[in-house]
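A quick write-up on the structure given underneath.
By written order: A, B, C and D. Residues from 1 in each chain.
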Amino acid sequence: MNSFGELFRLTTFGESHGAAIGGVIDGMPAGMAIDTVAVQQELDRRRPGQSDIVTQRNESDRVEFLSGIYEGTSTGTPIGFIIRNADQRSNDYENMRHTWRPSHADMTYTLKYGHRDHRGGGRASARETAARVVAGALAKQILLKKGITVHAYTSRVGDIAVPLPYSALPLNDINSNPVRCPHAETANKMMELIRKVKGSGDTIGGTIQCVITGTPAGLGEPIFDKLQARLAAAMLSLPAAKGFDYGCGFDGCGELGSASIDELEPSPEGDRPRSVTNHSGGIQGGISNGEDIYFRVAFKPVATLLRPVQTVTDQLQSVTLQARGRHDPCVLPRAVPVVEAMAAMVIADALLLNQTTHLL
Amino acid sequence: MNSFGELFRLTTFGESHGAAIGGVIDGMPAGMAIDTVAVQQELDRRRPGQSDIVTQRNESDRVEFLSGIYEGTSTGTPIGFIIRNADQRSNDYENMRHTWRPSHADMTYTLKYGHRDHRGGGRASARETAARVVAGALAKQILLKKGITVHAYTSRVGDIAVPLPYSALPLNDINSNPVRCPHAETANKMMELIRKVKGSGDTIGGTIQCVITGTPAGLGEPIFDKLQARLAAAMLSLPAAKGFDYGCGFDGCGELGSASIDELEPSPEGDRPRSVTNHSGGIQGGISNGEDIYFRVAFKPVATLLRPVQTVTDQLQSVTLQARGRHDPCVLPRAVPVVEAMAAMVIADALLLNQTTHLL
Amino acid sequence: MNSFGELFRLTTFGESHGAAIGGVIDGMPAGMAIDTVAVQQELDRRRPGQSDIVTQRNESDRVEFLSGIYEGTSTGTPIGFIIRNADQRSNDYENMRHTWRPSHADMTYTLKYGHRDHRGGGRASARETAARVVAGALAKQILLKKGITVHAYTSRVGDIAVPLPYSALPLNDINSNPVRCPHAETANKMMELIRKVKGSGDTIGGTIQCVITGTPAGLGEPIFDKLQARLAAAMLSLPAAKGFDYGCGFDGCGELGSASIDELEPSPEGDRPRSVTNHSGGIQGGISNGEDIYFRVAFKPVATLLRPVQTVTDQLQSVTLQARGRHDPCVLPRAVPVVEAMAAMVIADALLLNQTTHLL
Amino acid sequence: MNSFGELFRLTTFGESHGAAIGGVIDGMPAGMAIDTVAVQQELDRRRPGQSDIVTQRNESDRVEFLSGIYEGTSTGTPIGFIIRNADQRSNDYENMRHTWRPSHADMTYTLKYGHRDHRGGGRASARETAARVVAGALAKQILLKKGITVHAYTSRVGDIAVPLPYSALPLNDINSNPVRCPHAETANKMMELIRKVKGSGDTIGGTIQCVITGTPAGLGEPIFDKLQARLAAAMLSLPAAKGFDYGCGFDGCGELGSASIDELEPSPEGDRPRSVTNHSGGIQGGISNGEDIYFRVAFKPVATLLRPVQTVTDQLQSVTLQARGRHDPCVLPRAVPVVEAMAAMVIADALLLNQTTHLL
């Protein structure tokens, strides 16, 4: 289904090569000053064509708000918005009308729905994530009011990984390079690798790290809507995402309990309990504990190669497919703002839900 | 919140040391023969006290069905059930009434709800997963009708991992040893490690692998309810779960696209397309493609150590806590049926949702 | 489906002649003192056998709470509860196993689900409303904290109607007679009519009026969850309910706008706007305005007559059916607490939802 | 909240005087030929300015579909659409920026959200119902496939009521006069009354009758989503609606059970049970029985009078307000297609939900 969230709720629509994509944000708290410029800036971070290591599709991606904001302030009514599609070149996809691209959604959409919009992936295109960025940018404005920040960055491309933990990195430098890695030396190596891979008509995957700071204790709704469950669902709903872990994650599962327990101490100010370490990743029992929340998302390499691949037609004939179109050699740089958007929506929703824990 | 699923929907209740735990299953298809013995067998797989490598709490865990089944058949009305709590020894927890156990939900529940049931973890106890097993066992009966199987097994404990892929393992042997690993030699090493860890008052984590076979193409509801997003939410809602990945997962994200693409060929029978490889893990664009679905779940070591740990009271006084109570040195063996239960519920729900893709 | 409400959410289960009925209340605010005696008192108001004008089925209807309440206080976790069925006399229904009772749910359940529990209406029995009363009694405890009261009463039976508006009635006297009408003279006439109808093996319908006082302005969630839409859904989900109207209702629709508009004036204290009249029924644009909310619910006569009726078997043979079993000659007296329960749940849910209108 | 339906789900946005209104339809079955001309025709039935008895606001109300339809067929992906606002004359409302119109949503929106879009009712304007008509028109195309028809008509204006039951009326003639009443003589009287009321600056209410034919048995989801509960919620979510009843309704509640029971007989073809009468209104136990479904909706007179009314400002000063703007003297004629739209959505959703009653 095409809605996400309980109280801060995004519903999206739109295909890669239709007239427009867009959405409706229901549950934006009333009375908030809305910074539409900041929304456009987030969209620009996701926009194609912004550097040589991403797709060259040329979309200005201008968001038009249609409702829910009056005289610069949220009214409490739903915020509708659209982003017109412009540079479509649908003809690039004409040869795929009856041929399924391997490892894409082409075949599964056909098998499920009976037919499909083959142009540029249709609904399955990562283009739909632009609508998420709009909603995420509004969610960030909620978080800003509460002193919560969300930073994602490319932590690994292929076998090149940032050698330091997030706490040792200048998170404000994430946007200082096209690959969105705050460790300059690693960023350069990543970009070099991506250019090399691109040159050979290939693609490459990696991981994005995300850090949420300033979260109050109490967010998350056990049992089934634990904060990590919501974050995991958010991240695995992204195109090309293959995994999610948080806190000590997969690596920590090889450890002993005595090595991974977070002992407690009073905070220096003596006003709250504090975790001495943070293997828990800021969440215990599905509820935030006030420490940093951090998690990783794995992204597979893009399945569109600029080299021949073996596949079948919808008549089950074997064919060789040579992709055309414009594609990302590596989705990570453009996925960074999308990861942040989804994380921000999850936290904004959890904030609102937590306002109902007690009768006020 | 305490409900899971859209059409096949479980709502649960109950604390570790209350009168009972239980739940309501809404959306069980009408007219199905219900095998209540099979449900109890699944519960017995999760039951405490079944071997020396799990907690010695003594619970018979008998499920009592209260509605929704008449003359052995599902009526289409909600299935209510309870499991009485028996061996509680709440006094074991009296010293924790005002002391927070590190890396547990104790502190976060207090900070969120204002107070808590401190006895044995209260609602945050893994005991609530028994209700999931009941619903999962009924979901499995739906899957059985469609020829779908779900097998989970312990694939890693500490640094001991099964050396073979799932496809090379005798999945029917999973229950032949207490650790629930179908590779006998590895199982023995795992159990040896768990006993050693237990002897030192420590705990150990690991990963569970799950494989779903026989799934038809078409399951999953883009965009936000992609099949992998539902599976990830299901798994990260489990106590102690720290990560989820599927198909090529985290490891595959270091690969080139050319190495991880799944080319297509006609099936030998010529009646459907088939993936030559299955890096995709049986899901493309959020929709099953008919190949095996497989994923991994990471579980951290249990946070209850039988050795002193530093913590604080709810008055923010530093104290040393020496846990009592009976605890699992490693949750993996008992988590195996729970992972299967959650996976079965996700697939059952997806099957029903997919029945609405077209107007019949 | 078997859940009601968004944030204060009841899920129920149970058939008339199964082991038990019950439910789960999710979203009860944490930290509230829970008066379980008051819950039982509400159940006793709905209980069969309490007077000669209702069914003589003998059910003690003792509610057992299983979770979510600890040391007398709500914990914020789900409240599970059951009510065992006792006096079932299922044999009374054996002759209806293959015969459909006219104007009951017998036929429609069979046509929908393929088979049914024919004993006493199964899931379609009004017995399920006992679970609603439990949840409603807890909702009333939320309302009590906010100074909100909910009073329902029998306002009409057959052609005997209370001649005064609710504002002229002693609402605290509702329980002073078995028919639950606060106008003593009318109550006597109603009871006389019910006894007469009962004597002839017939049944009779009527209307219930409900008044909610003390509601703050701001409750209700436009567009689709307007407060009156939620109330209407709540009331029409009740067995035998055939209509709902609020404020000026059906009668006011014949009026001119100039006769039915509610002009505004400052309240005597000058601290809020006040409606000079209240044709609106306390709701404008789907949102409460702080005035009394009042509405009516129409209930048809019970369809079980103690006289022969023409019907068909599930093999489509015409037969004459002579009902046995114990039945209400008029549902109104016992429906009064159920109407209150549903209204209380709607308002409690709206209170919690309204806590999310602004970012706190 | 701004979404309606479970599987066939409409989410709407937009204010009377914003840039556009619109919505997203999620769950449209895949593979259906979509008749966009028919959608526009339904919109034209609701359009302002179509006759002298409705508002003279001049809106072309052209719907633009943005997604979900490809080559004339539904793809199974969400259908986004917008309708631009044109003839706004917002200045007409400038004098209401700080003054609350009596019996409108002005005050309640302010009290709930803290501020409001005062222009033409903002979100509370009946203009939002245009989005419902779009979704309803698509729902009707689902119903058409199943042989289901939905007809609403103006059955009463003020004290002028159609003297015949629906079954005696030519339902295909509903659109043959501006008031949308299929009884020509009554229609003329109604129009005469509306013109007279309009001339005096007043307004008038009435009732709409709706009939749904061809519904299969089995629609509706007990307990809380009984078909009548969904219909009631749908109708009471409409601006100005004050009541809903179905089948024998409020009037039938004065009857004896023996007079209102629907005895059963085999159908003439002997292939299904048939109700001899239809006091039940086609629904029993919340589930359709295959007979006609019919219900009434009460609409109050429009609260905007073209004469002075007493009210207060948002500073609680008493003032006399003289409305400007263009308004309907009677909403009934334009509400007819909206009632049909909501009914069609409820039935379409119920059809899809009923496809999940059994495992297929």
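Quick note on the criterion: a residue touches a chain if its C-beta (ideal position, glycine included) is under 8 Å from a C-beta of that chain, and two chains touch if they have at least 3 such contacts.
Computed from a prediction, not measured in an experiment: that's the story for all the values here.
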item: Shared chain contacts [subunit A and subunit D, defined touch]; value: B, C
item: Identified repeat of the B-D interface (over half of residue pairs identical), from A-D, A-C or A-B; value: A-C
item: Gap in Å, rounded to a whole number, between the CA centres of subunit D and subunit C; value: 26
item: Gap in Å, rounded to a whole number, between the CA centres of subunit C and subunit A; value: 46
item: For subunit B paired with subunit C, centre-to-centre distance based on mean C-alpha positions, whole Å; value: 39
item: Touching two or more other chains - residue numbers and ranges from subunit A; value: 1-3, 12, 27, 30-31, 76-77, 112-114, 123, 222, 357-358
item: Of subunit B, residues touching subunit C in the complex; value: 1-3, 9, 11-15, 18-24, 26-27, 30-31, 64-68, 70, 73, 75-80, 82, 112-117, 122-123
item: Residue numbers on subunit D that touch subunit C, as the complex places them; value: 1-4, 6, 12, 100, 102-109, 111-114, 123-124, 128, 156, 158-159, 197, 202-207, 217-218, 220-226, 228-237, 239, 241-250, 252-258, 260-266, 270-273, 275-276, 279-281, 283-290, 296, 298-305, 307, 309-312, 316-318, 354, 357-358
item: Subunit A partner contacts - residues on subunit C that touch it in the complex; value: 7, 27, 29-32, 76-77, 142, 145-146, 222, 351-353, 355-360
